[in-house]
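Inspection log for the structure reproduced underneath, given as structure tokens.
Naming follows writing order (A, B, C, D, E and F), and every chain is counted from residue 1.
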Amino acid sequence: MVNINDSVLERFIDEDVPYIDLTSHILGIEEQSGSISYIARENICVCGTEEVKKIFDKYDLEVLNYKRSGTFLKKGEVLLQAKGRADALHLVWKVCVNILENASGVATRVQKFVESAKDVNPKVEIVTTRKIFPGTKQLATKAVLVGGAYPHRLGLGESILVFEEHLRFYGGLDKFIDNLKELKQKACEKMIAVEAHNIEDALKLAKANVDIIQLDKFSIEDLKTAVKQIKEISPNTRISAAGGINMQNVKEISACGADLLVTSSLYFGKPADIKADIQLLR
Amino acid sequence: MVNINDSVLERFIDEDVPYIDLTSHILGIEEQSGSISYIARENICVCGTEEVKKIFDKYDLEVLNYKRSGTFLKKGEVLLQAKGRADALHLVWKVCVNILENASGVATRVQKFVESAKDVNPKVEIVTTRKIFPGTKQLATKAVLVGGAYPHRLGLGESILVFEEHLRFYGGLDKFIDNLKELKQKACEKMIAVEAHNIEDALKLAKANVDIIQLDKFSIEDLKTAVKQIKEISPNTRISAAGGINMQNVKEISACGADLLVTSSLYFGKPADIKADIQLLR
Amino acid sequence: MVNINDSVLERFIDEDVPYIDLTSHILGIEEQSGSISYIARENICVCGTEEVKKIFDKYDLEVLNYKRSGTFLKKGEVLLQAKGRADALHLVWKVCVNILENASGVATRVQKFVESAKDVNPKVEIVTTRKIFPGTKQLATKAVLVGGAYPHRLGLGESILVFEEHLRFYGGLDKFIDNLKELKQKACEKMIAVEAHNIEDALKLAKANVDIIQLDKFSIEDLKTAVKQIKEISPNTRISAAGGINMQNVKEISACGADLLVTSSLYFGKPADIKADIQLLR
Amino acid sequence: MVNINDSVLERFIDEDVPYIDLTSHILGIEEQSGSISYIARENICVCGTEEVKKIFDKYDLEVLNYKRSGTFLKKGEVLLQAKGRADALHLVWKVCVNILENASGVATRVQKFVESAKDVNPKVEIVTTRKIFPGTKQLATKAVLVGGAYPHRLGLGESILVFEEHLRFYGGLDKFIDNLKELKQKACEKMIAVEAHNIEDALKLAKANVDIIQLDKFSIEDLKTAVKQIKEISPNTRISAAGGINMQNVKEISACGADLLVTSSLYFGKPADIKADIQLLR
Amino acid sequence: MVNINDSVLERFIDEDVPYIDLTSHILGIEEQSGSISYIARENICVCGTEEVKKIFDKYDLEVLNYKRSGTFLKKGEVLLQAKGRADALHLVWKVCVNILENASGVATRVQKFVESAKDVNPKVEIVTTRKIFPGTKQLATKAVLVGGAYPHRLGLGESILVFEEHLRFYGGLDKFIDNLKELKQKACEKMIAVEAHNIEDALKLAKANVDIIQLDKFSIEDLKTAVKQIKEISPNTRISAAGGINMQNVKEISACGADLLVTSSLYFGKPADIKADIQLLR
Amino acid sequence: MVNINDSVLERFIDEDVPYIDLTSHILGIEEQSGSISYIARENICVCGTEEVKKIFDKYDLEVLNYKRSGTFLKKGEVLLQAKGRADALHLVWKVCVNILENASGVATRVQKFVESAKDVNPKVEIVTTRKIFPGTKQLATKAVLVGGAYPHRLGLGESILVFEEHLRFYGGLDKFIDNLKELKQKACEKMIAVEAHNIEDALKLAKANVDIIQLDKFSIEDLKTAVKQIKEISPNTRISAAGGINMQNVKEISACGADLLVTSSLYFGKPADIKADIQLLR
């Protein structure tokens, strides 16, 4: 259960319909009764129906049934059905399509990606980075979890991930390794992850027994080599692969044996294709 | 100038860094001085630098120079340079990359799309739909305008666009056409646009002199035919083509002669590739 | 249906009762049961009852019945009746009076104004400007629509209305007219409206076939002349009259034949007179 | 100094310009330089310039000079002058007119009302009720204070004012009077005010030495009589007159000798007339 | 009834669970059913159950029963019972403990303090200052009222309390006393309170008949003397004692005879001890 | 650098001064000039000065100097000095005292606690729980970090901490231990922490090589025994001690050798004692 509060949902609605559906108003169709069904136009992993239900409740539209986020639907199956006044139906129609298509789009991509990755390495886990489109954090996070991956970190304050950009201010990698024991003690509830850009650094970090080594933009060859050698040196160190991993190369990379794959690619791409079928109820 | 207020920017920051950069804190590098440069890794139409500047100002980081949104940059050119305390630099680093990459990504796609469309029909205009990822309205709208297109409508209350879904409640297309004169009078400051799904309906609407006919998901052949016949019947009626228009088919569709192309495809896709170069200042 | 979200209603309540009704608290009457009826003290066009109902729901007060916004009520008729705990009743009492009196006040003025205008020119439409008291946008917009008029534009980004103040930066009216065709093409989903301050400019604009000419502060004589001549020159151009139109002069101005009247005067004036009758339930 | 925070001002701007000034954008005049002067078209008590200055600062417009709220200006005098980019000027133009006209409108009415009331009774004070247009609390409160009156109470939790509607739940006026001493003790930092609808009740309350008696909708004759008799019975009891007091009858009512006059009438009425003069700067 | 709106409650939840309960998610226990009981581990004056109920409602958890704020519970008694999905239960669990423990903690301290104070002086009233932990205003205010005290003032704009720091800008105490009559007239709906730091000033103020004298940090001896002499000089002047009053010294200070005691000490201290008992429902 | 955004600070100000300082207004001292110094009345670890500086900037008060959060000040030393208009000084005075006293109070307690704990076990780390007073998250988190401890977890979604309450839904501790390897893999970027209530469970968990064992409410004897035995069984497992740890028992508990101590006690207690010295500037 992902906590997306009412003020977030109200912001979504206000983005799309700050005041009214002028077309319904001009046509004078507001008081009639109608039904709406959201129907998958392709196979999808549903996401966002709980939020749509909350929005429908707010506008006194009666939700007749819905599939919970995480359900796999085939083309033609129904996500949610509701009925109520025509003005309310037209008001919420598209913002709810936007929620469902975008959230389900991410969830579906995540699900496929996780499946592909696990297909060649059943133990691998997928985590998604902080590189969201600003403003989409709650919905994107829900979609990532629903699809079967995890957020890498939900805020910059929740984990320790040392980039080269930090080390420049710290005095370099060697100084960091010298002090690692002390740093681990200071941060004793957290794993310490360090990004490495080449095999040499990765092995130094393995020798130092760092908790997680994040191998950034390694070639397939280097990645294989690095994973093998790190595991020999420090069996408990977790290895993550990051940088440019996407649906095309995920199998090849997953096969290299890293414990987790870090990707930003799943946030972006076509929304799921979902139809809204609106009918007059007499 | 697109109005993106401070509370929107604060929300973006809070999404990424609700409290601190724990890594910088644990490493104890907070009080050092550093510089940051955001550099294009590919040719882009810049968008979002004004927002990044505002964020840098908030964190007492000195912006040394920046390119205004709408500037075209070649790979390797700099979007913005700044300097200040290391903790502040690390705090704003990624959320500002996210703003720049996503906004510039949309703006660059829009710019290319507009160029492609006008290449074959210099008079065509591009408008983007309401189908955003919820939460991205302000930034996406800025990117659309900066890239040279227009938002189709910023809210459901600002224009009249009659869908089949409205007509089902109204009594059908013929009744609508019968009453069109009266409706035009009621909405006399607005154009009345109607979506048509086939040539027959489109020509009915042309005969009725509706302001805009939106041809939805027409084949290339039908689109050409419809445009030609509508222009003959009602030279002042504007014709928009909508449904599935994207970077791949834009030229072919634009060549059909519609006055405007309506697309959702530009919102989605890879963010622009922008590097953040962070260095220690001694 | 106008979308006034919960956070707007919470703001209204917090304005009036940030914490408690101290008087009820000191008197110790909080747990008793009571009823409330809002009763029209004059003939009104009701507006705001849906919002009051939402507020009552929030405070667990049971709404027994209410008239929808847009209903015409005679003096003595009831807008809404509810019952519940005395502390909740006293807490929401006045903020709900404020909503009902102010929204119904605007709606009633709008309704009378529209009636007066149409009495002499049944085809005229009334639109209200952006000149609201800051903070009242949602409620005022609802009241305008409920009363039978339209908002001129809900945001500065939704329509094109060229003022003299724009032309000063553009290079003047003649340059604008020279470029009008190109501008119309650029903005092809929108009407282009231009404000004219004298007959001469109005006729220039008519010859250029601009979509809407807004005649600002014309004398009755000039208004009549301008309408007649514009219609002759460009029958499709819509003519709006603006500037100082109010309940006193609306008939005289409406009779001049403009297609629409633009006014700010309806936002301001006495609230409708509505009585709250609160009784103890034993 | 009234505290109107940035989020309130951002709300005002967003109401008027959620995204852009489309007209300036279409005309392509955004990057030019211009000046703006807000000029009184009638004698006014200025209110809102501090808020306008804050808004101008936000949009990088340079405020050259301004008159503080509370300044009395003659027709033709300047409230505020600024310069900057044309797009920013057009963006803030009208919302700032709205702030200035509405706040100055209230402040000017308040000032005149206070003057009229004190003209016949220099010791009288004016307080304004909670009956605002919802959404206007901060700006209206500033205008009331700037004009020389006081808000009756800023929230329902800050004072004790016993209405008939409370007494119905309490057990009636006599019971209240019996317990007054104890209630005064409980609320010992607050005055206890009670509304009376007739002379008889007013005198009962005077005998009970209540702190404030609010005489609601008394005729001039009754008001004079009540004031005289209450003062004789309980010289320290303050007397307020309320109900239907407005600019027309304020002198007559003020002359009756009440200590304070309570009115809602000043919130409503025509905004002050303020011109915005925008010019191109070459 | 204290008005704590939904956006405040959402803020509380978001503080604790911005997205999910990761532990429940990883364990895969989300869809099971469970019950929760909040149980007092010590004698308490309950506060916050209405807010917890609202939160439970938001997450579709069924509240089976609860005790209203203000109820006195013995160790082992139940504040609230509910049941529902395991993920929702775990999500709201701790934030609701935090609300109940902190609000009940303050309410219980207030209740004991009031009791102690009244034990030696039944007529004394307790008011609490503005010295809250920022961010706790609504909940702390509720707890104060529920416990039987009053907030000294809910905002700086609701009462007049003259500190030495004001008088430094005004021209000193003597000038203030000279002008007191006029100030009382200006602020005729409010009591005027003045802080005194020594007996001499207190007596000056008594002679001037000020409404309330706040004796700040007086020794027990001085407090007794001051109360006695003020009462002789000006029987209607209310006397408040302030500065360093806490649970230890409240009886001794209350016995000195001041009309009210002003304290900040009740906001701070251990939260009430409340256990959450969560069980699986099969 | 802890990110406390402007809207949080505005909320703090609005809590204390929703509109004005009525006292300054009535006294008419608003336009005078004054200075303010915040001075430690006891030895403190400063926290909150950056926030106070931001507030002073907002109200055009000139901050002359201030000590950064984390500075240790002796009684009598100055935290921050500023000057400006008297109305602004009085408006921000107390809310800034509240920020400084509460944040510094927590920071000072944290600092002492950390010192005490490290005095007997230099390698121990202190983390603070989620049991804040709702509404205080940002400020409390800043104080914890400034004082030298860490937040246990900033949100329920950022770490895995298995309570008995989770295990009841999961199938018990043994099942959990059976599946631990798989759970660790799933959550491979996070440590898995489990709460144990007795030595037996703790040792089971140690044998299973769980990342962190949190020993809840162990007696000193049991704690010592458990630490010793866990370290023997699983040297890499981190041990945290939790439940009832406070300033009185911290040394004794710290001496037991756990790696980290978890406490809620530091959030609560007396605010630091800080004086505001306000003077007239002539």
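The rule is simple: a contact is a pair of C-beta atoms (placed from the backbone, for glycine too) under 8 Å apart; a residue touches a chain by one contact, two chains touch by 3 or more.
Being a predicted model, the structure only gives us computed values, none of them experimental.
Where chain B touches chain F, under half of the residue numbers in use are shared by the two copies, so each contributes mostly different positions.
Averaging Cα atoms per chain gives one point for each, and the point farthest from that of chain A is the centre of D. Averaged C-alpha coordinates put the centre of chain C at 22 Å from the centre of chain D. One simple way to say how far apart two chains are is to compare their mean CA positions; for chain A and chain D this gives 50 Å. Annotation: 43 Å between the Cα-based centres of chain A and chain E.
One finds 31 Å separating the Cα centroids of chain D and chain E. In chain F, 6-7, 17-21, 91, 138, 151, 154-155, 157-159, 186-187, 190 are the positions where the chain touches two or more neighbouring chains simultaneously. Across the whole structure, chains are in contact as follows: A-B, A-C, A-E, A-F, B-C, B-D, B-F, C-D, C-E, D-E, D-F, E-F. Against chain B, the residues of chain D that register as touching in their complex are 6-7, 10, 13-14, 17-21, 25, 30, 58-59, 85, 87-88, 91.
Against chain A, in their complex, chain C makes its touches with residues 1-3, 5-7, 138, 141-142, 145, 151, 154-155. On the chain B side of its complex with chain C, the touching residues are 123, 125, 127, 150-155, 157-159, 185-191, 193, 212, 236, 238, 240, 259-260. Chain F meets chain E in the complex at residues 8, 11-12, 15-24, 26-29, 32, 34, 86, 90-91, 93-95, 97-99, 101-102, 130-139, 155-163, 165-166, 168-170, 176, 183, 186-187, 190, 268-271, 276, 278-280.
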